[in-house]
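In structure tokens below, several structures.
Look at the two complexes coming up: chain A is in both, with chain B in one and chain C in the other.
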Partner chain A sequence: VSLVHINIIITFTISLIGLLIYRSHLISSLLCLQGIILSLEAPVTILNSHFTLASIIPIILLVFAACEAALRLALLVIVSNTYGTDYVQNLNLLPC
Partner chain B sequence: MNLFTSSILLTLFMLTTPIMASSTNFYKSNKYQHYVKNMTLLAFIISLIPTTMFIHTNQETLISNWHWITIHTLKLSLSFKMDYFSLMFMPVALFITWSIMEFSIWYMHSDPNINQFFKYLLIFLITMLILTTANNLFQLFIGWEGVGIMSFLLIGWWFGRSDANTAALQAILYNRIGDIGFLLSMTWFLSNMNTWDLQQIFMLDQNSSNIPLMGLTLAAAGKSAQFGLHPWLPSAMEGPTPVSALLHSSTMVVAGIFLLIRFYPLMENNKPVQTMVLSLGALTTLFTAICALTQNDIKKIIAFSTSSQLGLMMVTIGLNQPHLAFLHICTHAFFKAMLFLCSGSIIHNLNNEQDIRKMGGLYKILPFTTTALITGCLALTGMPFLTGFYSKDLIIEAATSSYTNAWALLLTLIATSLTAIYSTRIISLTLLEQPRFPPLMSINETNPLLINPIKRLLIGSIFAGFILSNNMPPMTTPLMTMPLHLKLTALMMTILGFILAFEINTYSKNLKYPHPSNATNFSTLLGYFPTIMHRLPPHLVLTMSQKLATSMLDLTWTEAILPKTTAYIQLKASLLTSNQKGLIKLYFLSFLITMTLTLLSFNYLE
Partner chain C sequence: MNPFISIMLLSTLILSTMIVTISSHWLFAWIGLEMNMMAIIPIMMKKPTPRATEASTKYFLTQATASALLMLAIIINLMYSSQWTIMKLFNPTASILMTMALAIKLGLAPFHFWVPEVTQGIPLTTGLILLTWQKLAPISILYQISPSINLHLMVTMSFLSILIGGWGGLNQTQLRKIMAYSSIAHMGWMTTILLYNPSLTMLNLLIYIIMTFTMFTLLAQNSTTTTLLLSQTWNTMPIMTTFTMLTLLSMGGLPPLTGFMPKWMIIQELTKNESLLLPTLMAITALLNLYFYMRLAYSTALTLFPSTNNMKMKWQFYPTKQMTLLPTAIVLSTMLLPLTPMFFILL
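After this line comes the complex of A and B, so read on.
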């Protein structure tokens, strides 16, 4: 209902659309994925004045986000190693 | 108020003066060697003052100089304990070092780094004296490590030779294993008696002192080359002859025995440790005597002889006779150092030939060295009324007439006869018969720098036993009565050994060299001990650690179990089940449209 709420929902929606609709580079989709995670984490981290005992939750979220980021970058590196770029139109063959 | 404390401190300080002079220009001149030798001589003379005082008036001293540090309740200070053992050992050690330094002026004459050699010998002497005069275990440990380091530097003196480097490293490694025992006992003393001072340790009555005494036994086994930690001593013959004479015959290798002697109040109440020491010593003395029988390098034979005598000293400690062991240390130093100096004279004169199969006929060519060598060998075997007799015969008598382990006694007796056999081998192969070295050798022994030390040690080898036994105050009641056959045991075994050796010598002189039998191989290869122990345990341990650390932990647990397995399964599954074409954008777009439609429809359906 409040403006902060709407702000966060809009962040989430824009990042979601950005994740699913992109033109040529894979990396922009990964960036948007990071944006989704951010939009989910920011309220939990910042607006935490009601229940301070649960302030471990944003840390755990951040940990998982970091691992995810590492995995993403690893995938990117593998793709980039094989093709030289990260254009999406290259990913049409299963290189097995 | 007398000269006791000042003489001791003056002796120790005088020996450090040449080291302090090593940063000046004097160090580079030719006179430095004579300066060091003279300093040792003067230190010897001054150290006779406290010894004479002790002999006449039984005055012992504890000099506690400088309080270094107090950690909680442990007070460490610089303290010197001048009692029976250290006061009798100091003049002996200084006398022998003086002779060896004079000898090494001749032996190392053509070495460009001779001044450094003398400095190392002096530092070694100082650390040895620190070891013997230490009153607390910390100072003893300083001396202990010091002699170990100097042994390393001196064995590897000719460091261009890879054998010398290996031998030096071997010495350090084996000594280190002994140091573990030393540290164990230090820790035990600290945690149970709250001190490292010998006085307090002997005052507090402990019921079970098994752990520290076994730790000290391990330390002694490492430093004094007992069985299991013995290979470093024959390998240490890679160093120059003066080093072998000083370190590995008289002084350093007795440090381990000295440690056990120092702790005799604890040892005399602990029967199991005595038995262990007895067995270890008996095994050592027999094993190394067997190994000495078929060696071909003269220095190695003498090194094994040293090891055998060290085993004998351990046996004496195991018989609860520390003072007798100490007497044997002092007398053994004389004739063993002399044997090494004679071998050095022979080696140098034959142009660095150390193999006794290539020596011979030196009886007429080097008369003085011959005399000294034969006297030394006879003293070693315990010829009556030479030096060795006064300690060795007493040890065998004590062994045969005490309530002891008969197996250990038997081994010791066999080793005694083997001593005679390898002594005969040395004498007959180096001195007798026809020469086997190349004819153009300029052999002379006219240099007084060579003759005088051997002469002094010769007089020592003949008379020192008598002088020491008559002047050392008796600390235990000597054994007075025993059956005749027990009294003559040592002599009989030695004569048996000599007869056997001469017999074998005469009938194998002119035969063709036979293929070595299994027994000969066992003896020449040192009982296969170095061959097995230097290769098998390191190989096993290293492969085990590689398998554990790299293969099991790194490669398998953290790499292959989950990640690689998952990747593999995914790959195979996706190959099996997929018929995608990789149209990612299409798939994402369809996902988005589906989501939007779902949200809209659920929103408007209510």
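After this line comes the complex of A and C, so read on.
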């Protein structure tokens, strides 16, 4: 309800909309996915009110976000190898 | 694929679903779902054809978005309840977000667009893993949060899934896409009953997994992926035509076969809860599913499809592919109906 919460919610929403609406390049959607997870780190790290012990949960979340980023970059490399670019209009084989 | 990598990927796949089902901390459930996605993408890319690449990319994008939405729902739940235990959710917003995230993971309508495309691009056995094993983890989470799911959202999504699974499969000749639309429709049936009696969701999931396993194993014997190839099985393995027809009719939900059991139980539970219009419409829409199963059974077992004369005189070799558990699966997917009281009490 405070300004910090609204800031985080707006970050998440902008990244989510950026993930869902991308014009031609695949990499912009992948960047926005990273931005989503980053905006979810903030409540877990900072906004635990009055919780004074150290917690490992944000670090584990970051580890899995990094693994996911590696996987998405690997997929981007394979797409780029088969098509030359990362335009999303190239991914049109499967609806047939 | 290198056997070490294959063993590592399969064991990660199995371990991830186990982690999701036995965890009591929301972070572990999220970790299990992430591991699930990471383990299955190399399995989908065994043969790096452009179709497999596209299928993997689409699968990854949808599942990663669903994971991110799930994490947001977990954090909103954390804000409102200050604890990470998996139980019913404490905020309606978190509940709606988590239901939508798990619906994206399962392939419920209106988030079903990835299922036919991804199932089409991957080999048959990988499609089997995708449509059966991957459903276990999200449904176990849905089972655990079922007291707090919004009724209107769930019933809308499931009824829309049944409609889209029925109508979407009508225009397909590719068998993998037909199985994908059948998966969407069955997921719809499963999630309809989730809010009234979650045990029946588990029963429907079990019967669906047995029937889909049977169907995919039968299709993998001849590597048939289209209706045209399926109609040639009378020539290569005649007994498979009978089994294919029986399994297809069981999936359509015809009475003396097993597939009738979950539909019967679900309609009974829904009418006990005084909703009469919904089960009527669901039962009528299940006829659409039955129509395209019947079309496949007709072209496989009941008629000779038009083909050239050379195709009619194939050598009948001994099958070299391993039919793992096929006789057991066929018996289970056609003859379990008399055991209904046992399942009803067990689950």
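We take it that the second predicted complex is superposed on the first by the 86 of 96 C-alpha atoms of A that agree within 3 Å, B and C clash if a C-alpha of one lies under 4 Å from a C-alpha of the other, contacts with A are read in each partner's own complex, and residues count from 1 in each chain.
We take it that a contact is a pair of C-beta atoms (placed from the backbone, for glycine too) under 8 Å apart; a residue touches a chain by one contact, two chains touch by 3 or more.
Computed from a predicted model, the values in this text were never measured in an experiment.
The superposition on chain A brings chain B into a clash with chain C. In the superposition on chain A, contact is made by A:L91 with both chain B and chain C. When both complexes are overlaid on chain A, the residue A:L40 reaches chain C alone and has no touch with chain B. Judged by the touch definition given at the top, the superposed model places A:L19 against both chain B and chain C. After overlaying the two complexes on the shared chain, residue contacts for A:I59 are found with neither chain B nor chain C. When chain A is checked against chain B and against chain C, the one touching more of its residues turns out to be C. Once chain A of one complex is fitted onto chain A of the other, the partner contacts of A:V77 are absent, as it touches neither chain B nor chain C. Of the two partner chains placed around the shared chain by superposition, neither chain B nor chain C is touched by A:I6. Superposed model on chain A: among 76-84, 94-102 or 112-120, the stretch of chain C in collision with chain B is 112-120, the rest showing no clash.
Shared interface residues of chain A, touching chain B in one complex and chain C in the other, are 16, 19-20, 29, 91, 93-94. Per the touch definition, chain A reaches chain B in the complex via residues 16-17, 19-22, 29, 88, 91-94, 96. Against chain A, in their complex, chain C makes its touches with residues 27, 30-31, 34, 38, 41, 45, 48, 50-51, 53-58, 60-61, 64-65, 67-69, 71-72, 75, 78-79, 84, 117-118, 120-121. Of all residues in chain B, only 571, 574-575, 578, 580-585, 588-589, 591-592, 595 touch chain A in the complex they form. Those residues of chain A whose C-beta lies close enough to touch chain C in the complex are 12, 16, 19-20, 26, 29, 33, 36-37, 40, 43-44, 47, 57, 60-61, 64, 67-68, 71-72, 75, 78-79, 82-83, 91, 93-95.
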